[in-house]
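Written below as structure tokens is the structure these notes are about.
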Amino acid sequence: MTSILLRPRKLFKVPIEASAISPDNFAAARKVEEIKNQVVWEGNRPATLASIFDVEELEQGGELLEIIIEGDASKLRGVGKGMGSGTITVEGNAGIRLGEAMRGGTITVNGNVGSWLGSRMRGGRIEVSGDAGDYVGSAIRGSTRGMSGGQIVVRGSAGNEVGCWMRDGMIRIGGNVGQFAGVHMLGGTIVIEGSSRGRIGASMKGGRIVVLGEVGRVLPSFSIEEIRNVARVGEDRIPGPFYVFAGDLADDGDGRLYVSKDRNLELRFYESYIE
Amino acid sequence: MKVIVVTGRSIAQGRSKESKFSDEYARAAATCEVDPEDLSTLGVKPGQKVKLTTSRGSVNLFASVSSQSPHRGIVFIPFGPWANSLMDAETDGTGMPTLKGMEAEIELAAEDEVLGLKELLAKNLKERGRT
Amino acid sequence: MNVENVIKGVVCPFCGCCCDDLEVTVRNNEIAKVENACALGRAKFERWNEGRIVRPSIRSDGKILETSFAKAVERSARILYDARYPLLWGWSCTSCEAQKIGVELAEEVGGVIDSTTSTCHGPSIIAVHDVGESSTTLGEVRHRADLVIYWGCNPLHAHPRHMSRYSVLSEGRFRKRRGERKMIVVDVRRTATAKIADEFIKIEPNSDYEALTALRMCLKGEELEQESIAGVPSKKFEELIDEMVGCQFGVIFFGLGLTMSAGKSRNVDAALSLVRDLNSKTKFVIVPMRGHFNVTGANEVFAWQTGYPFAVDLSQGYPRYNPGETSGVDIATRHDCDAALVVGSDPISNFPLEAARNLSSIPIICIDPHETATTSVSDTVIPSAIVGIEAEGTVYRMDGVPLLLRKLIDPPEGVSKDTEILEAILNEVRRIRGGR
Amino acid sequence: MELLIKNGYVVDPANGIDCEKLDIAVRGGKIVEEVSSSAKILDASNMLVMPGGVDIHSHIAGSKTNLARVLRPEDHFRDFERRTALTRSGVGHSVPSTYTTGYRYARMGYTTVIEPATPPLKARHTHDELNDTPIIDKACFPLFGNNWHVMEYLKNGDLELCAAYLSWMLRATKGYAIKIVNPGGVEAWHWGGNVVGLDSEVPHFGITPREIVRGLCKVNKMLKLPHAIHVHPNNLGKPGNYLTTIKTMECVKDLAEGASIHITHCQFTSFKGEDWSTLRSGAQEIARYVNRNDHVTIDMGQIIFTATTTMTGDGPFEYILHQISGRKWVNKDVEAETGAGVVPVVYKRRSFVNATQWAIGLELALLIEDPWKVYLTTDHPNGGPFTAYPRVVSWLMSKRARERTMSRMNQSAARKTILQSLEREYSFEEIAIVTRAGTAKALGLKAKGHLGVGADADISIYRINPKEIDPSRDYRAVRKALRRAAYTVKDGQIVVKDGEIKEVVQGRTFWIDSRVPKDLEEKIHRELSKSFREYYTVGMENYFIGEGELARSSPIYVGEAKV
């Protein structure tokens, strides 16, 4: 196992386009010297990794590669872009588009992350101990290709439009989410252990969203189908009971919302509509 | 009293926004329009000063009777630096800050002043560390 | 000598209506009178000379010192050249010719160029990326529309002549009288525009998305399971959809009520989807009420030169685009930019406090005809001629119709046009870099 | 600056030169007899030398193109160009930004491009964009097939006034030719409808598409315009529309002296069958008509199996495409004049319809015998980006290339077309005709598309030896060479070398400075100034585009109209 430690040498003042920081890229570079000469963009100036990070090789070994970033990486953007294997661990906050277009491998963040976490992700696993920004696992502007595989786990809260245009894969949010979780969703599963600020599943065509906390109002374009005692997500069975809504009917959608019955008493009036 | 703040264009603000340091602009942009019933509940007469507070900041404004009511529970403030002392810079990933629909607290601000633009900037931007 | 002439067919440089039938009387290089303009347009012409800046100035250790044009340009170029991630903001109140130089300058200094679009109808453009847009030029509404809906906008205050030139109060080939059209206003308060509408639907703040979704459900013939939605009885939506389906040519004009309240781009997503779906039943279009007279021009120029309509990041030598990451307010709020060029705009007033405070803590170059909150905190201020009064230029109306603004009078002594100032800064940056 | 291009194999069909080793002398941006000994030598040994490419139909600039750019950030995301010391940055694939458009055409050896669909009310936007499209010369075609004034004059039989109006409009919009799109149909679409064929009446205007096409063809002759009427017939994209196309060509036959009608992107209007499942190629019938009649020219509108963007003035067709594909859809009607629609599309090899469309385009080019009557286009970007032209050339020049693509496409479609049986393979000369000489002749651009003395020195040189290569077998080599010109010369200056931009020049914008007799001109001016603001929301003085708004205006005088 080869592992590389990166420590920012200064407090970054401008965004750093750091998509060069990925296990595939470092593995291809093989020698530490070459890794040090990888190029990132500090605002509008290209810079070698070594000029803005202390680059240290912790272990020298075989195939699999681990990258550790220690310190405030919140200005780093696109870290782990398109990675296919290996791991990245961030001890501290990470920035925007972390794990963008990821195909495999693992990213672990002990801290918060910016928006577009795992955007267009195809495989692999991301785990964030703190909060995430908006557009977790979403598509890029104008595209309908959201997350299509892999797993994202955010222990803290997340912002708006979690899983926007999501096609497949799994997103689990430990805390709360903002509005429009699962907007334009086509498939896959989102589990929200906290509450949402409403409008979940807007324009969804397929896939499932499970909310254990409060959802506020359900959109008028969802109709209640049944009450289920358990939501099966992968192997584990999340205990309900859940109101199960179908929609978004305004877009002829066939997605499902699983909303905790006990935490959403104001939705009881829907029960009269269950055949 | 809990209200929702909505900012927007007004003719008076539009006519004077090219003369930012004029009194006319200060009157136009530092005045909030309150629903007549809300005003009476608050015990505020038009022209008196009110203080608005949101999660992002607070500002003193002149209160006026809304000519575009009813809108109980909504306070309208024309676009400008006074309104923006209250609004949330969070854009939810869209680039657009939240300039309409923020929850706020409104109360009578008997003594403290409604600041002119110069004083408002001095207050708002005081810890303007020169990097 | 008392030379006076009346210039006809003048295009108004205030709001997105770009009314082109103004008549301006000029006497001794001054605006003497303006006719056919609304209250906003008249103010822009009649008060063109208030709060003017006429000398460039530079801030050095807290003091503002008047300086020469050359020194101010040199200082501006140096600031932009040294910056690692400069923000070039504003652009909506200047000509397309100046906007083009702005794009070239942003590319030269490796910065982000964004217009006030991102704090106006940026969310509308983001929604168009997902849904598209069934729209039209304003003349089609005038000629054919028998149902006109103003949603979350207040034209009597923001676009005063909109109704008389383009919609319910205008005369068209197929709609001769006011009675042939129905006007509906949907808003959170009974605005002045709502008062002259045939019908006013009052909705709760931050609930436009629910109201639009309810309409989309009714259009599909689905039952609404809630009694009332967005503070409106569900039956009301069924009635409204019947009218929308029953008209011959319907239009929704929408404003910042959708883009600035909770939901932002998704509110517009729902409105665009509703109008798209209505086209299976009748002819329906939707038009955004663009604020500034050339904010649409900024979108057009940025799009044909870089591929993207606003929030264009050119820092890595090619266009990148991601509103929310590369848009002005976010860049300021996250303290990403280390310098800013502001052209014909006042972000210190118009940004929320947190963003304005961060912006004021970095070197700012401001090009503006008037004193503003931004010029008062800027490092370098260069006065500019007022486009549409003291400088000519191309602009684009809210519906994309291109028009020419004319120069009616000369600017104050020593005051240059935006294009001349930006060209000078661009050349100076290149000189510093050693020339290309 | 003097230039001498030596030892190249010159293909210049307009001057009857086919692969002859000749030298070409250039001075002052023109081709001359000979040059002094101080001329710069350009050794074109073993290389193919042709006139610069002339593209007769490519949506590269204007409000519709920009609507598509704004609609498709995801299309730009994958394909971008960094700035260099000489060139501006930009984005590509199906809707490239303007700088990238100019550079990519020049790299391919193209030097003149026509923007074929300009709403007159927004022509200023088209010229704004053309001014920012470097290197290539250009022109735009204003749309007239649904124009209220035109329909009214033609209905009342005021042919003279209609001609005077068209003359004023060409000067007002700085346009080059009369473009007709789904005549009458787009006006009906402004109520949500359409017309069903040449003889259905346009609501509220009491005129039929046939009368619109005939009227505008007569006016085209009266104004002595260099290019024929450029027509996108009714029922485009509808199975069975090949009959409408033939009737449209036929309906102006009696007005013919020389080419009087050009049917554009003919692939989209050569469908047989009742619906998509019974779709067949109508190319044989169309080709038979074109072979038998000399008043018609067409361009292919070839599709490429790729993701691209459709955009046309035919609003109703784009709405149908949206309903079929479910993809996002932009519609923009233009008051009193025309419309526009944009829908992204993916042409798939496996799709029966797309595979049939692919075959139709090639059948047209292979079945029409006279190469001067058919031109190579993809109706960029509707059929595919213009950067795919070399691929279309390889299909035309090599049966093996066609077979290879056919083998990987929907076999049911492959079986139902006759493409399999067509042996014809284009020569370099024929390719030069359908991409340069023919298009320049059809456009009436006398100084373009040929290398005779007096022509503009627009020259493309490709690193293939036409004498030695066998395009049928080595079509990949041909495709590769045509993608990146060894040299592109524009107005006598070397602008591209080995596919890299070496110099950036400002291209001309051609427009017709049309004139009618003084009395008619005054009459139309009086009438228009009276009624202009009843038709439009802008004034007449703000509609007219001044010559100064063109970066490099190049008016063409055609003499006073024969009224």
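Here the chain labels run A, B, C and D in written order, and each chain numbers its own residues starting at 1.
The definition used in the following text is that a contact is a pair of C-beta atoms (placed from the backbone, for glycine too) under 8 Å apart; a residue touches a chain by one contact, two chains touch by 3 or more.
Note that the structure is predicted; figures quoted are calculated from it, not measured.
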Next item on the list: Find me the chain with the mean Cα position closest to the mean of all the protein Cα atoms on display.
Entry: C
Next item on the list: Please indicate which chain is farthest from chain D, where distance is taken between mean Cα coordinates of the chains.
Entry: B
Next item on the list: Look at the interfaces A-D and A-C and say which one is made up of more C-beta pairs in contact.
Entry: A-C
Margin query: Need the CA-centroid distance for the pair chain A / chain D, whole Å please.
Written below: 46
Note to self: Quick check: how many Å separate the C-alpha centres of chain A and chain C?
What the structure shows: 34
Note to self: Can you work out the whole-Å distance between the CA centroids of chain A and chain B?
What the structure shows: 37
Check: If you average the Cα atoms of chain B and of chain C to get two centres, how far apart are those centres in Å?
Finding: 22
Item checked: chain D: positions in contact with at least two other chains -> 71-74
Notebook entry, point to check: Which residues belonging to chain C are in contact with no fewer than two other chains?
Noted result: 126, 129-130, 262, 316, 321, 323-324, 338
Note to self: Residues of chain B that contact two or more other chains, please.
What the structure shows: 92-93
Notebook entry, point to check: Tell me, which pairs of chains are in touch?
Noted result: A-B, A-C, A-D, B-C, C-D
Note to self: List the residues on chain D that touch chain C in their complex, please.
What the structure shows: 61, 63, 65-66, 69-74, 76, 80-83, 85, 88-91, 95-99, 121-122, 124-125, 128-129, 132, 148, 190-192, 204, 319, 322-323, 328-336, 342-343, 533-539, 541-542, 546, 549
Margin query: Looking at the complex, which residues from chain C come into contact with chain B?
Written below: 14, 39-40, 43-44, 47-48, 50-51, 114, 118-119, 122-123, 126, 154, 156-158, 160, 188-192, 194-195, 202, 205-206, 256-257, 259-262, 264-265, 291, 310-311, 323-324, 327-330, 332-333, 338, 346, 348-357, 360-362, 369-373, 376-377
Next item on the list: Please give the residue numbers of chain A that touch chain D in the complex, ascending.
Entry: 139-143
Next item on the list: Note which residues of chain D are touching chain A in the complex, please.
Entry: 71-75, 77
Check: In their shared complex, at which residues does chain B touch chain C?
Finding: 4, 6-11, 14-16, 18-22, 56-57, 66-71, 74, 76, 79-81, 84-101, 117-118, 121, 124-125, 127-131
